[in-house]
Amino acid sequence: MNLIIEHINLMGSFAFAISGALVALRNKLDLFGVLIVAFVTAVGGGTIRDMLLADRDVFWLFDIHVIYAVLAGAIIAMIFRKKLHFFEKPIFFYDAIGLGLFTITGVQIGIDYHLNPLICILLGTITGVFGGVIRDVIVNEIPVVFQKEIYATASLLGGGLYLILVHFEIPNPYLQIIPIATIIITRIIAATYTISLPNIYKKEQ
Amino acid sequence: MNLIIEHINLMGSFAFAISGALVALRNKLDLFGVLIVAFVTAVGGGTIRDMLLADRDVFWLFDIHVIYAVLAGAIIAMIFRKKLHFFEKPIFFYDAIGLGLFTITGVQIGIDYHLNPLICILLGTITGVFGGVIRDVIVNEIPVVFQKEIYATASLLGGGLYLILVHFEIPNPYLQIIPIATIIITRIIAATYTISLPNIYKKEQ
Amino acid sequence: MNLIIEHINLMGSFAFAISGALVALRNKLDLFGVLIVAFVTAVGGGTIRDMLLADRDVFWLFDIHVIYAVLAGAIIAMIFRKKLHFFEKPIFFYDAIGLGLFTITGVQIGIDYHLNPLICILLGTITGVFGGVIRDVIVNEIPVVFQKEIYATASLLGGGLYLILVHFEIPNPYLQIIPIATIIITRIIAATYTISLPNIYKKEQ
């Protein structure tokens, strides 16, 4: 399990580093500003998760590979910076992958700590969503994850589904691929058809 | 003591969740955006407090009741969203209660850890104030608690008073009710008569 | 070593508290808003560093002297608030000192934990830079450290140099003075001649 979690952490870090670097580039930060926002976006959610658990070391502190994954993501984003207007879709896609991968790690760690299922899902959503929240707070925007079509919702859905699959002892790789794919596909469908949550402000307008 | 702290945590979480949800609704966040901002406002201060203490698990991680209290607060705020313009006073009032309740828990935990009295008061203020700071930073406003009439000041006052009462071994419930009421009443008086701290900018104007 | 780290923490806290208080004063926060932003600027980086390490108590929690250093810095900044327009240079200079001092503490703590050298440097940069990041996020600005001439870069440079000097077993006080001075001088030269990182946006313009 731990090996799989580490692998997921690497891929998710790479994906989110690209997303973070692209937002930083859009805001014209300097070279190291881009690197640090990429880093914070990539590891922010998992870092908060690990800090919440008193006895848990933050995952990237003793794992240089995460740093390499972030550097790789940030450098790739910078190399292709000139084609930034072509990047709308990749930003979106990498972000969806990161969301799916990180959510499932967070839920699994919650299970390892025997937390209440609802809190496991919450831990998954924090892991998946808060890197992006910190990214947007740093560049001084209201976090898109709280406004955009079905974002945190996709994470909550996938986290809940994973818990159900664990309960029925579905074997790997299905156990992890099904909820991760659910999150990614939910994001793609929601964005393609700009599906949002039911508008809770309807009646005031 | 622990039972009382848990009870206070629940009531404070409920109060702050309402305040957080209302600010999120004012900023037109989506359904889960509202839930997460309510959650972060409610548990943010106590979460930072518990993360600062190396051996301390974050209070809501092993206590599903806090999550229920936050959900209840957020849902109540959303149900009454249409009457949002009637909510100026309740936002204020719930916020004052949360500030009072959380400040005293923070100071008490500082005492349990045998921290310096000044640091106990600081820990109380962090517990009471930083949920609101995170809330405002997320919706991209300068935290009201650093600008509004006598806010952090009320927390510091109540925290100091609590320490004095502990020193003189005043019994419960007076021990806790007196400083909590002091914080709430200080906030009400300050807001009613718009009393602010002495203006440190006077001479420049 | 620990004594030296503590001494550095005090001086750095004092320097950053002044920088934080001055930014808060510029944004017209109230008295306790100024105190808390000064506090957060001063201890923010070191606090994140200590929270990342699971078994480490946050440095100021058991050390009242840090609180006194922050109070001293904040009060000095407030007393001289009327001459705020004369403060451009002191803000800058205190900030550079704090950056140098805190970076080296962070790297040294990374070495104590036998972390990978790259992660030691990162820990030093987090310690040196994130107090200022939190300060700017709170007053709702994009962190200057990600935009300004050679800021995080100076921290990374000094941190790398310190690691090299440690490797060659250079004795104290040279071991610490050389990289700290390098960071401060790099900042002064970069700001005097407004040297920035190579502009990665050149080609789009």
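Letters A, B and C mark the chains in the order given here, with residues in each chain numbered from 1 onward.
In this text, a residue touches a chain if its C-beta (ideal position, glycine included) is under 8 Å from a C-beta of that chain, and two chains touch if they have at least 3 such contacts.
Note that the structure is a prediction, hence the values are computed from the model and not measured.
Engineer: Provide the labels of all chains in contact with subunit B and in contact with subunit C.
Structural biologist: For subunit B paired with subunit C, the chains in contact with each are A, in label order.
Engineer: Just how much do you need to spin subunit A so its Cα atoms sit on those of subunit B, in degrees to the nearest 5?
Structural biologist: Result for this pair is 120 degrees.
Engineer: For copies subunit A and subunit C, work out whether under half or over half of the interface numbers are shared, and give different or same accordingly.
Structural biologist: Under half shared, hence different.
Engineer: Report the inter-chain centroid distance for subunit A and subunit C in whole angstrom, where each centroid is the mean of the CA atoms.
Structural biologist: Inter-chain centre distance comes to 29 Å.
Engineer: When you check subunit C against every other chain, which residues touch at least two of them?
Structural biologist: 51, 54, 137, 140
Engineer: So in the complex, which bits of subunit A are touching subunit B?
Structural biologist: Touching subunit B: residues 51-54, 113, 115-116, 118-119, 122-123, 125, 129, 133, 137, 140-143, 145-148, 151-153, 156, 196-198, 200-201, 203-204 of subunit A.
Engineer: Using the touch definition from the top, list the residues of subunit C that touch subunit B in their complex.
Structural biologist: Touching subunit B from subunit C are residues 24-25, 27-34, 36-37, 39, 47, 50-51, 54-58, 60-62, 64, 67, 78, 81-82, 84, 137-140.
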